[in-house]
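Two complexes come next, and they have one chain in common, chain A, joined by chain B in the first and chain C in the second.
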Partner chain A sequence: MRQFLIRRVPVTLLVLLGVTLGAFIMLHLAPGDPVLLLVGENTQSGTDSAEAIQQIRARLGLDEPLPIQYLRFIGGVLHGDLGQSIFQRRPVLNIIIDQFPHTAQLALAAILIAAVVGMTAGILAARAYNSWFDSLTMAAALFGVSMPGFWLGLMLILLFAVGLGWLPTSGQGTLWHLILPATTLGLGHGAILARLTRSSMLEVLHQEYMTTARGKGLRESAVLLRHGLRNAAIPVITIIGLQFGHMLAGAFVIEIVFARQGLGNILVTAILNRDFPVAQGTILFTAFFYVLTNLLVDLAYSILDPRVRYGG
Partner chain B sequence: MTKIRSGATRSTPFFFFLLLIAGAAACSAPQAASTPQPPPAPTTVSVAPTSASAAPTSASVAPTAAATATSAQPKPASGGTLIYANSQKARSDSMDPATQSGLPAGQAVWLLYNQLVYFDPQKGAMPQLATSWEVSPDGKSYTFRLRTDVKFHDGTPLDAAAVKFSLERTVRPELKGQQAANYLQAIYVSTDVLDASTVRVNIKNSSTAFLYQMSRQIFGIVSPTAVNQLGDAKFALNPVGSGPYKFKELVSGDHVTLVRNPDYKWGPAAFINSGPAYPDQFIFRYLPEITTRLAALQTGEVNFIEDVPLQDVAGLEKDPRFKIYKKAPAGLSEAIQLNIKKAPTSELAVRQAIEFAINKEQINKAVFFGYSTPTYSLLGSPDMLGYDASIGESLYKFDQAQARQILDKAGWTLGTDGLRRKGDQVLKLQFITDTTSQVEELVQAQLREVGMQVELTRLDPAGAATAWKKGEHNLTLGSGGIQGRSNPDAEIISTAYTCSQVGTFNTSQYCDEAFDKQILAAVAIQDNAQRAAAYKELQKAILSQALSVPIVQYTKIWASTSKIQGVNLFDPGGVYIRLNGAWVQP
Partner chain C sequence: MAAEAMAIGRATQSSYLPRNQIYYLLGRLLRSRNGIVGGLLVLALALVALGAQLLSQYDPILPDIAAAFSAPSAAHPFGTDNFGRDILARVLYGARVSLLMGAIPIVLAGSIGVLLGLIAGYFRGWLETAIQAAIDVLLAFPGILLALAIVAMLGPGLGNLMIAVGISWIPSYARLARSSVLVARELSYVEAARAIGCSEARVLLVHILPNIVAPLIVLATLGIAQAILAGSALSFIGLGIKPPTPEWGTMLSVGRNFVRLAWWMSVFPGLAITVSVLAFNLLGDGLRDTLDPHSRL
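Our next item is the complex of A and B:
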């Protein structure tokens, strides 16, 4: 285990370095200048915009060659400093710390819904293979995968907030506020998990050890969960890990529809405005979490399947 | 920053909605979006304001409870919470007038601070913190006499020294690029404190725009004590002013909460309520998605929204539980800017043909549901000094035949494919915008009808700003962001057509030093009638060069629950609705 970690950490660092470089290059290659927005937003008659642009660019350090800007960014990161937002005039790290709990809360709730709904549906469908229940569940899953989150979110708002009046339309704070966005985000991912769990379970169900387990006189639920699911879980866990990473950055649309705070929201705003420090910082932070989740998933394998051992 | 806020982007397939309801079988079918929970019909008769679709001029917007029988205004009651849903998010959370960056923080700034004067589009500058003022004969010194009874939220008095302090911190070099600094740095000389309640501001050259600028939220007077105690960064998030509301809480990207300032008694009478505000709290929420915003109003989670989905306006107007407010903000009209530095719009004939070929009526009907006003004027509101729609109308009344004739004469001959060519060069225009409205597609189709090929490119704000600066466009919608900016003085013209703004606001890239001087001279004229005449000359010059094709005077639309009373749309520009007098009926 320790050796596994020793091998993984440098690789992880390299991945993160690659992410910063990739993000930096892509952000700066896309045409677009935040200074023009700053000036464009504010200029009044009688000011010389060319001169103003020059001065602001110098103040923000954007007049330096790109490699220098990149090294400066990396140097800052090593000191725990992600820089200052161009528009907010606040440290990027503070912005991320402000927003991350909202994103984490949403992603956790959504992944919980996805896992519970998806895996339950998958197991039941596999057990009732080729029955009407199986077809219905898989059709529903296909629908779930295909439905755009944006549309589903609006429909849920119209139904549960405007129509029935059970839940608030938007905002955050209480558990009630979390239900609709988490469901919207979770259902699509749950649909994927349902299909995956089903096929993975189908493979396992025909194994001889399942028959052995039944032969031992175990209850059917124990057979399914302890012997079946545990063996079928590895691909499912992998996908859950990836999905969780994806949700951290990909919840943007949900955040807009439900007017929630979050990293996705600030990342997209930052990219649109070319607020380089915020965009770079947020991407690095999400990448870090993505890598971390994957590491945890890898470690989870060895718990689920004693045959998987790290080290040696 | 987004210029055209067409509500037409929402797609609500009710068919699927019904399907979904059917799927959720158990619930006895709720009656779709139009029948939400909240309170029973209100007792007061309050009719949707009258500016019908025919001609929504800003003059007719104040909600009038006239159309139905009882028009007795209920007496304002204190208490309750006004929750206003913003459609846009500011790039910055700062509530410091010197560094704030638009909505919604900017909207809170209106209620947190007072300015020296307020601006009435028709009457000009009116007393607010200053009870009176004198302009020196050379127009370069303004002496303001201040009210003596004004206190900041921290209890310290608002005096001449506070005014000097507020202006001087605005012109610090490190604030370059901020709205307030960009204006004041160019013109500011000094401020003299003559006595505790008299202050003289000296500027570089005579400009009538100065008083208007002093009325903007960016020149709210701040508490020197608070700024010195907190420092700039903390002050921006813990603002202390002298306005009708005090700051309570900011949750970035979510909401700003203000509470009533019980000591407030220095509001101008024109703000309906010159005393303490009625609601206990005022919350600005950020609800960017148009459907969610309307849903939140219908469920009563908020009681005031801006930028109502246009297809829902008629329904809300008929519904007694809601009120609709409409106003055309002062400023520039929604217009197409034509780049004179890039072929083929470098040719006057091509630009003039475009002027004749655009069907404004059709665009207004299709994109704005008829709620805006088709216009030939560069100015966005008839209230503005120097407004005269006949200038453009007499030059370029919509006429496709005329457009074709001009192009024929200029040597652009029509090919069999319906496109015009000069030699082997096709009449092709690059249309680069950063909006998501449907105006662009209609313009594309209309120009195609007279034989022009329009290539449409939509970019994000930063990408578009760069493309405009490089001059890659022939056409653009709006002018680098000032379209949405309120400015009741035609001085705003100068921002879009002076040499110094080429590369930013001046997307037509027009640069003529004589014209620059003409603008400066016009802005310096103190007499209103003379200045109006000078502004008309400026508009005539711009239109005869065909630098801009005005399309509509954009009408902004708000909705509230019928419990909200005392809303005043009279305001510089109208982008910021004036809510000083608003109250929530219990």
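Our next item is the complex of A and C:
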């Protein structure tokens, strides 16, 4: 455990530093000057605008050399300061903190759906290996991983909101608003989990301890769940953890489909407006979240599976 | 002259060796049902992309306002959109953009990624450390987020979209190539090639690369499926291909606005994406199963 932390934590810190550098470079090399956009909105005559541009540049610290801007940026990040939004004129961190719960709620609901649907389908398919049920489930799963999430979302809107009128097409606030987006995001990831759970179960089904468990007269469900699933679950749980990091980014597109508030919505708006502090902050926040989830998943993995010995 | 002769010799040798592996792959593939179905679908897709104008009498871009929002009928099997354009025609022409959007980023990512992976795995040392660090950082971004960030930097458009999706795939290739080289470089044929005095570049490109190409092809096939998904998703949220170019993701984003009025605008382009992605996934699964007996179980 300590060994693992000693090895992984410095690497993670380096990766996070690299991520900040990446996010900084990407958005500062971007063409299209946001200050010009701002000035264009606020001033009329040509003589005023040159001065106004200089003022805004100085105010945002955009007139300093890039390395200085980067160091200031890192210093800011360490203090939880991600800069000011150019258009909303409020701290980027506040915007992210406002929006994160919406995205997290969607991702949590989706991971729940993915885990329940995916693992159930995978276990049942493995138990019925090579039957019509197995083939059908795997065909559905393959279809599920091939379907774009935003299209699945549109089809669910068409069926349940427009056709049957059971659920709202967009917006948020109630549980009813969450059902369609969470199902959309969950089913795609559930399809991946179903395939993985099945192959993982198939691997343990033929182990000797399964025969032993049956031999001592356990019920089939107990054999499958207590002896089979417990051993098959390790890679599955790992993937669920990794998927959660992915879901945050995956939720972005789904938020657009359902016109939901959240990080995806502010990121896309920021990119279209060239509001780079917001875009940079959101990308950075998501990447940090993803890296830290991965670290936690690896940690959980080393605790769950005594066979894994990091740095042994 | 001598250099030219060597270059030709290298070219014929290197094209001979991978062909062996590719024939082997193809031979095994014919025994996989998924692989055959996927291969046929990919072939059909390519034919549609090439022959779009033969398959439809309608222009995919020219508006015909009088025919706007026509439901599917004999004249317009997939209906028409808000500008009265035939959706079937736009779906057929859209295959061109989608195949480009799938293949070009993967070619880009494949060539750069494999080169980096080869160098890292073969030469080791500080080069490996540096490349590995860059890979780790890039892998720290979820793929779609990385592509989003790059599109944010470059701006929307087909070319930039392909570059963005391509860059987001480089680390996967570099990682796979590196781990394959780490195994291959210890094998006796590499030692033999070195012993008879081959240059490092020759050992790497002529002897090692052909022997690790099979898993890279599998990754590329599955990668094309992912690239089509990523490209259409970016276009859907308005950061990819701009109208009026017939592109499935963009068509869906317009269709979303008319979801109560014209369901057909939201159904058919998405179906086209699903079938294309499914085709490459099936082909990739088939190839992987023939390569990795363990996953067949």
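Basically, the second predicted complex is superposed on the first by the 280 of 312 C-alpha atoms of A that agree within 3 Å, B and C clash if a C-alpha of one lies under 4 Å from a C-alpha of the other, contacts with A are read in each partner's own complex, and residues count from 1 in each chain.
Here, a contact is a pair of C-beta atoms (placed from the backbone, for glycine too) under 8 Å apart; a residue touches a chain by one contact, two chains touch by 3 or more.
The model shown is predicted, which means the values in this text are computed figures rather than measured ones.
A.B. asks: Is A:286 touching anything from chain B or chain C once the two structures are fitted on A? First, second, both or neither.
C.D. replies: second
A.B. asks: So, A:148: does it touch chain B (first), chain C (second), both, or neither?
C.D. replies: second
A.B. asks: Just checking: does A:158 make contact with chain B only, chain C only, both, or neither of them? Give me first, second, both or neither.
C.D. replies: Once the two structures are laid over each other on A, A:158 reaches both partners.
A.B. asks: So in the superposed three-chain picture, is A:269 touching just chain B, just chain C, both, or none of them (first/second/both/neither)?
C.D. replies: In the superposition, A:269 touches chain B alone.
A.B. asks: Scan A:61 for contacts with chain B and chain C and give back first, second, both or neither.
C.D. replies: A:61: touches no partner chain.
A.B. asks: What is the contact status of A:202 with respect to chain B (first) and chain C (second): first, second, both, or neither?
C.D. replies: Once the two structures are laid over each other on A, A:202 reaches chain C alone.
A.B. asks: First (chain B), second (chain C), both or neither: which does A:246 touch?
C.D. replies: second
A.B. asks: After overlaying the two complexes on chain A, where does the chain B footprint on chain A coincide with the chain C footprint?
C.D. replies: The answer is residues 30-32, 151, 154-155, 157-158, 162, 169, 256-257, 271-272 of chain A.
A.B. asks: Which residues of chain A touch chain B in their complex?
C.D. replies: Listed in rising order, the residues of chain A that touch chain B are 30-50, 52-53, 55-56, 59, 87-90, 95, 98-99, 151, 154-155, 157-159, 161-165, 168-172, 256-261, 265-266, 269, 271-275.
A.B. asks: Any idea which chain A residues touch chain C in the complex?
C.D. replies: Touch residues, chain A against chain C: 11, 14-16, 18-19, 21-23, 26-27, 29-32, 142-143, 145-151, 154-155, 157-158, 162, 169, 199, 202-203, 245-246, 248-250, 252-253, 256-257, 267-268, 271-272, 276, 279, 283, 286-287, 290-291, 294.
A.B. asks: Over in the complex, which chain C residues touch chain A? Could you list them?
C.D. replies: Against chain A, the touching part of chain C is residues 133-134, 136-138, 140-142, 144-145, 148-155, 225, 229, 232-233, 236-239, 249, 252, 255-256, 259-260, 263, 266-267, 269-270, 273-274, 277-278, 281-282, 285, 295, 297.
A.B. asks: What residues on chain B touch chain A, complex-wise?
C.D. replies: Residues 1, 12, 16-17, 20-21, 24, 27, 30-33, 36-37, 89, 91-94, 99, 101-102, 173-174, 176-179, 181-183, 185-187, 207, 209, 213, 233, 236, 251-255, 285-289, 291-292, 295-296, 298-299, 301, 459-463, 465-467, 469, 480-481, 491, 494-495, 498, 500-501, 503-505, 519, 523 of chain B touch chain A in their complex.
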